[in-house]
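Both of the next two complexes hold chain A, though its partner changes from chain B to chain C.
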Partner chain A sequence: MSETAEANETPPVEDERIKEMAGFRKAMIRPELGAICGTILVFVFFFLTARDSGMFGPAGILNWSVVSAQFAIIAVGACLLMIAGEFDLSVGSMIGFAGIVIALLSVSLGWPVWASIIAAFVICTGLGAVNGWLVIKTGLPSFIVTLATLFILRGLTIFAAIATTRKTIIGGVRDAAEGDWLAPIFAGKIFKGFFQWMGDHGWIETFSRGTREGMPVVEGVPMLIVWAIILVVFAHILLTKTRFGNWIFASGGDAQAARYAGVPVNKTKILMFMFTAFCATLFATLQVMEFGSAGADRGLLKEFEAIISVVIGGALLTGGYGSVVGAALGALVFGVVQQGLFFAGVESSLFRVFLGIILLLAVILNTYIRRMITGER
Partner chain B sequence: MKKTLTALAAAATLAATSFSVPAYAEGERYVLVSHAPDSDSWWNTIKNGIDLAGEQLGVTVEYRNPPTGDLADMARIIEQAAASKPNGIITTLADFDVLRGPIEDAVAQGINVIIMNSGTPEQAREVGALMYVGQPEYDAGFAAGLRAKGDGVSSFLCVNHFISSPASTDRCQGFADGLGVELGSQMIDSGQDPSEIKNKVLAYLSANPDTDAVLTLGPTSADPTIKALEENGLAGDIYFGTFDLGSDIVEAIKSGVIQWGIDQQPFLQAYLPVVVLTNLDRFGVLPGNNINSGPGFVTNDGLALVEQFAGEFR
Partner chain C sequence: MTEPIIQMKNIEKHFGLVIALSGVSLDVNPGECHCLLGDNGAGKSTFIKTMSGVHKPSKGEVYFKGKLMNFARPRDAIAAGIATVYQDLAMIPLMSVSRNFFMGNEPIKKIAGLPFFDHDHANEVTMAEMKKMGINLRGPDQAVGTLSGGERQTVAIARAVHFGAEVLILDEPTSALGVRQTANVLATVDRVRNQGVAVVFITHNVRHALAVGDRFTVLNRGKTLGTAVRGEVTPEELQDLMAGGQELAVLEGSLGGTV
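This part shows the complex of A and B:
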């Protein structure tokens, strides 16, 4: 990237490798265009159908933002990995596994919560590295390798939980996390004063009874959303503004060509597997810290939710193409649709039908946009 | 004649007015949130229950569940339900840690909450719910014990296939207390393996030939116990009761091997909360206690209805 920047600084000589594009077209035609259209469409749709259902009240906004943020956290990892040309189907199992690791260490073994969280991150990113290493060494499709990890981790999680505590749900993490220095980073809420102030002025609703009477319904911005934003910004900068970002694109686009050009493809891919595992662990930690318990069946099918978000966001399943902003918008679309259908009062068994239709529309639209960008036929 | 006509007319007017007094606003909206994944067929009864209640009372009841059964997703659904401002929420309390926060928030927002099926009356009170509608296991066992005592039972064998669950032990303890005897060693830890259960039952009954009755806690322990009784010739002779229903259990009730099966009656767990919430919203009336949807005793007499409505309302 920096090299191109230098090249551009010598203006008169035009680089014949860079195609000139009209400004408007350049601004419009980007991988996330489909996701932007989708987001607008989805919001207009729900604004028309579910406006007076509380969906756009403070509590409603918080509800679908939290769900979208959850999707975004795992989608960012899946997005970078997918651009690097690989899949990780073990995300959901990793979430369950990481949660149980934290709960087992902190509640059953009495470790301090901060140590348990750090241990979970170390173990899980390590497992991510194993995933990546296996894919690189065996040359097998990551689809198969991580499918195996999906089963292994889920089985191990259930076994570990039952063997040590005879239960599949381990509670008591909230009490263990009392006074811990690291836990608030995952469980707290920020801007509480601001929301209280809005509540006092009657701009947002307050609780009408009970011990929390007078406190605003929305207490603050959950750390879950903060983490999602941090992750999206970080990954976006990594992907578009750094040399490593170019490596990611190159590894996914054509690994062999990238190797000839001196890109450390193996290292890049393994790091991306680790990053995906990191995102899954982050998801699990946030969930365990918020709810105070870990369940061996948590995170079921989350890998597909991550992949769906990324695909809605315009990334190519075969790698080498996509955008983090697109994936984040894909997560937003997914979250808004999932919760919005409840607000609109649609029979919940129809949720999957809507999801399928949106996925199909998104892929068709994205394919069309991609052809416009790359000029492929 | 004219008198009769006037009387009739008066009666008709009276009837008409009494029919057309909508002193309440119809169309309340309630949300039932369950913890069951889409594929769990048991909950179909629940859906039919709320549909029927909604139809009869003129209210809307929406059914929501996490598609994969993920309880963390369920917490989001409760938050969502609260944000949509329904008149009331009916929910299960499958995991107290995960769900208490969202439920307490809903209660604090002024939404009436009833806990159904999972959880305990104590937990329901703690989160601020109006009541608990379900089958408290100890009470169910106690009622079964009283019934057995009336039938002349004074000793029993409780086949506990899930000894680590407090609810299972509550069932046996309740039964013993209902009979008015010590539980003592009359409860055996049978394990989950069918042949193991069968052999343990056979061994216990040959070592304790005076045993009057057998109590099993579900299809897992009932089915092998039926086999055991067929093998030692006590089938139909010994008093046999069980919790929960299954196809083998229904067959055994029909053939007289099992005297009764205890049904927790999911239909009532769905139907009654809607009735309670609607009447609370319309007239401000509220029953003063938790509602036990079970134990409903299924005997040979009531079997026709069970078979007819199995999977629909039973």
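This part shows the complex of A and C:
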């Protein structure tokens, strides 16, 4: 009986021209694949060449993870914006500008540090909105509009710093931040007790001499890394698990088609410009709190570092495709290569050669992967 | 006689000094496929854009279910139940079928009070709808870029109907398609019409129009040249109306009646 029942069931109609995809292959084919390969490759390379240099000791890990986290913070903003189909070249200038705003308000004008930080976030996300509004209203490529903002903001930053303090570097933020309630979440380290405990047990190295004798070489996890992780998780969930994430993809994929389907494209794009500016300001705040000073020339070329990380991470320059996890891995590759060459004792000028080669390989691999996924020809 | 679901009365549209439409009237009944024919530049696109809320008519009235409508934006028309499927702008190729299907209408599921995209529901509905339309998907996450042009049109039509469109405007859905794909799209139009949806089918291909149309309205240089009912008109008559008569007769002579 059971046999006849089975025989009667018609098999589902298969299109003879669609090949079944093997499960493994399907799992592998994803936007981050290129970045995952790159990460593995880079780690293997440095593990073979720089293992003895302390690169993979606690202090070494801290070193490159801080640099990678810096890249990741600006890459996350650039990633979502690029998927929404736009660029922001003013990220670097925004970093310098936000830092000077915080320092000027808190040191020169004597505002409380928390108010200066909040003011910097409000002003800079506002400028991000202006960027977005200009791009939408004029219909010009964001490349040109934000290139203009790059120069305007950088010039204004240097002018403001010199006109008020006759210097391009404004110090004294650390003293001003003493006892402030907001500043600590942008500076310092967490899990100090845990690291001390690991040091006490001899699991990580401790200082054997001097005033810090007995303290672990790595005191804790810097807030910078914590922020980077928070941003990556937030942006990843926003992009893949929410309605707004679908709008980001749609706005970048084909703005007109998205509009016809009722997606508020302009709002989405402007919000993404604001988010990019937010990330730049966060970067600036973390830097100012760490150094205790702000410099008008900070953040130079950061926009390109952000874009490179995003592209290594598999995003499409023309928008509509990409992944936050990929961008974060791109930032990791970038950071590990930059610091790893130093550990490996390679002439530092060769860093750019390396970066260029990695960028090229990543883009070629990513293009191939994307064609397989999307059926582009 | 059923009440027309949408009535366009003496629509005029001027762009500066250019008169794109000079008094076009048309009505569509539920469950009817009304073909709008015309050569390039006849005003077909402008006309359907006034219907779908992209343009505001300079003069004339749009009645939807007997009520005078005044659409300010495409979203207003979509909300009322008038959906438009554009030839090239139906789908976003880089996005998955299920993300495309729910674009602008994303299902929401609350987790810890926060709204999240309900991917499970979206995937399930997409697979079911695609199966109904006879499209084999590898999975709901398959990118639209891997579908053929006809399949994309079909997905777009299924999407519009799924989200409650009562009037479906199809802007040249078959003009870039091969023979088999065209047949599939026309079959989809027929299926949708039988569900009671009013279809406005824009084309300049008389044979495609005659294959599915119940009524035919021909536009030429911004004017209506009359509406014909199925069975009362021959392909040759429609062709002549579209081209405006004489010139094509001369051309046809030299081409041996193949156009």
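Here is the rule we use: the second predicted complex is superposed on the first by the 354 of 377 C-alpha atoms of A that agree within 3 Å, B and C clash if a C-alpha of one lies under 4 Å from a C-alpha of the other, contacts with A are read in each partner's own complex, and residues count from 1 in each chain.
Just so it is clear, a contact is a pair of C-beta atoms (placed from the backbone, for glycine too) under 8 Å apart; a residue touches a chain by one contact, two chains touch by 3 or more.
Please read these numbers as outputs of a predicted model, since none were measured by experiment.
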| item | value |
| --- | --- |
| Which of chain B and chain C A:Arg166 touches, first, second, both or neither | first |
| Comparing the two partners chain B and chain C, which touches a greater set of residues in chain A | B |
| First, second, both or neither for A:Thr242, with chain B first and chain C second | second |
| Chain B versus chain C as contact partner of A:Pro112, first or second or both or neither | neither |
| Touched partner set for A:Tyr321, first chain B, second chain C, both or neither | second |
| Partner chain(s) touched by A:Val217 [first = chain B, second = chain C, both, neither] | first |
| Complex contacts: residues of chain C adjacent to chain A | 74-75, 78, 84, 86, 89-95, 99, 102-106, 108, 115-117, 119, 136, 138, 143, 145-147 |
| Residues of chain A defined as touching chain B within the complex | 53-55, 57, 59-60, 62-64, 66-67, 166, 169, 171-172, 174, 205, 207-213, 217, 287, 291-293, 295, 297-301, 339, 342-343, 345, 347-349, 351-352 |
| Contact footprint of chain A on chain B as seen in their complex | 38, 60, 62-65, 67-72, 75-77, 79-85, 95-98, 101, 104-105, 107-110, 128, 164 |
| Chain A residues within the chain C interface of the complex | 13-15, 18, 21, 241-243, 245-246, 249-250, 253-254, 256-263, 316, 320-321, 373-376 |
